[in-house]
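Here the structure comes first, spelled out in structure tokens, and everything after it is commentary.
Chain lettering (A, B and C) follows the sequence in which the chains are written, and residue indices restart at 1 in each chain.
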Amino acid sequence: MSAVLVRGEEWSKIPDDLYIPPDALEVILEEFAGPLDLLLYLIRRDNIDVLDIPMAEVTRQYMTYVEIMKAVKLELAADYLVMAAVLAEIKSRMLLPRPASADVEEADPRAELVRRLLEYERYQAACEDLEARPRVGRELFLPEIPMEARNLERPAPKVTLDDLLGALRAVMQREDAFAHHRIMREPLSVRERMTRILEQVRSDGFTEFSMLFQVGEGKRGVVVTFLAILELVRESLVTLIQNEPFAPIHVKAAA
Amino acid sequence: MSEIRIRDIVQAALLVAGEPLTLERLGSLFAEEAQPARSELMGALEEIRAACADGPLELQCIDKAYRLQTRAEYAPWLNRLFAERPARYSRAVLETLAIIAYRQPTTRGEIEAIRGVAVSSDIIKTLISREWIRQVGTKEVPGRPALYGTTRAFLENFNLTSLGDLPPLSELKTMPGQTADATEPVDQAAEFEATASEAAESEAAESEAHESETSRSEAPP
Amino acid sequence: MSEIRIRDIVQAALLVAGEPLTLERLGSLFAEEAQPARSELMGALEEIRAACADGPLELQCIDKAYRLQTRAEYAPWLNRLFAERPARYSRAVLETLAIIAYRQPTTRGEIEAIRGVAVSSDIIKTLISREWIRQVGTKEVPGRPALYGTTRAFLENFNLTSLGDLPPLSELKTMPGQTADATEPVDQAAEFEATASEAAESEAAESEAHESETSRSEAPP
């Protein structure tokens, strides 16, 4: 902080006729958030109605503070000087006699400044609300509990039926692959049954043909199983053996 | 050890997660065949909220995700736990943040117009590196300035259930004789407030049950 | 909110500290004039231990420092919380699986012929380790290649009662985004369809009563 500096030589340069409340310097040094902030401070400090600002007085005070800020070598943003010019301009317009038939809108040279001050004041209030909220790390703390027996295994990918069918569609789109290979000739239930039968039969022993059929499945099951066996035979995946006519038929996985 | 209940699992997850958890994320803790219904998860959260009432934690909802946090009353003790002082931010930084929160998406130019002072890149950088704001787009005007908005981390850090949770901007006083067709910025602000309260409403509809509790726990002590 | 007790403060500290806390450190949370005795802190820890018994946390003492941690029983659920995003299967894996589903029992060679590219053993291994396919036999041709078929786990994963639940190829062909150019492939699909529906019709008439039984028994045990 440059407080010491302030009480040093710079302080003595400030004109004697300036009224500086004891707390003001501190406020200045805390750095105003901008010229509007400074103006609002002056207005509030003197209990001025923001809708009826005495321009001459406020401008004088504003300039005083700007001088002090210059004096203590605060980094003075150009915006403060722009505001000083605005204030001076409004002040001079206030001095001019108003035309008798004044347009209501044109009536008050302070209107635009007041609008900006009011607008800014709202956000200042919002800023204070925000600042007052309990904040994580300041008022609020979050639990940070270690987990016992942590074990990171990458989960298996999820695949949906749509993913699967999409992949198949891609295969089918490869026109010539499809043309040359007879994919999926049989109903899928037959294909599925072929897999099941292959799981049941062994190559080192015989499975009785009739064992492959399940009574509870009804005719539909019989048809599917029979088609599956025929297809397996056609693809040379199983062998059918019958020692003599009407003897039991045996099924054996191709050796 | 008694049987493990859904609420125990949810509670354990909230304690170890290190970030707010959505209902979806909580549901994903369970095997597919044991997946609890949404209502069961909500019920578990309610039980946890009630069970917390007597202790140092409270349940808070941030943007449809839930977290447990210590009550603000514990700050005096807990601050002694950490050597590091919480960061302080200048008025300029917080004002800029407030304006972005209420007027988003907004540009640096608009913030400067309200604050009446240049907004340094340092301020914007500070807010971005804190992950409280981010660039959400570009305004289609000459110079194509960046549009900024607040982030989820902003809601988390400031303990906001949603943007609608921010108190509304105070009424704008008008000068006598000034017409109400105020200027553009004011209109925009009003528009934002409408949006914010709409959001708050839809949020409220989703979790009426929490409404009173939530607002209580949100109020700083 | 009731009065804040020593044990609440100790518990809050243990929850948020992120590291084990010694008795000294716990004592340092309190202002000098409100410093609890060592025995009071120990009492608070005992109370916390007892209160935890019913929940997901347990108090652990590591080298004279205390911490709360989740019980090991919760690992199965909590691991899912931190689980990395599941990996994704490559197109090759999905295509291979689809071909095996529709064309089983089939060999790697046949899949390669259809896909027009080599099928690596990794793909087959992936599908076997996922238990979606398995070897169901050996084809009696030179090289004696393995025959693959889908499993019950495959049906379960895709929520199918039987393979017959998979949509027929003709439907696939006419799905949105597909050009319905009536070339040979379509004809083949149609041919397949005809076969399938003929079979279905003749059966349906005879054994409606068995319908449910049939589909159930079609799933391998």
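Quick notes
Everything that follows uses one rule, which is that contacts are C-beta pairs under 8 Å (C-beta built on N, C-alpha and C of every residue); 3 or more make two chains touch, one makes a residue touch a chain.
These numbers come from a predicted model, not from an experiment.
Taking each chain's centre as the mean of its CA atoms, B is the chain most distant from subunit C. Between A-B and A-C, more C-beta contact pairs are found at A-C. Of all the chains shown, the one with its CA centroid nearest the global CA centroid is A. Averaged Cα coordinates give subunit B a centre that lies 33 Å from the centre of subunit C.
Between subunit A and subunit B, the centres computed from C-alpha atoms are 12 Å apart. Look at where the CA atoms of subunit A average out and do the same for subunit C: the two points lie 27 Å apart.
With touch defined as above, residues shared between interfaces to two or more other chains in subunit B number as follows: 15-16, 57, 70, 74, 78.
Counting partner chains per residue, subunit A shows two or more touched chains at residues 141-147.
Residues of subunit B that touch subunit A in their complex: 14-16, 18, 57, 67-70, 72, 74-75, 78-79, 86-87, 90-92, 94-95, 97-99, 101-102, 114-118, 156-160, 166-167, 169-170, 172-173, 175-179, 182-183, 185-186, 189, 220-221. Put simply, subunit C touches subunit B in their complex at residues 1-2, 4, 8-9, 11-13, 15-17, 25, 28-30, 54-57, 70-71, 73-74, 77-78, 80-81. Touching subunit B in their complex are the following residues of subunit A: 31, 33-37, 50-51, 77-79, 83, 104-105, 107-108, 110-111, 114-116, 118-127, 129-147.
Residues 141-161, 163-189, 191-196, 198-199, 201, 203, 214, 216-221, 223-224, 227, 235-237, 253-255 of subunit A are the ones touching subunit C in the complex.
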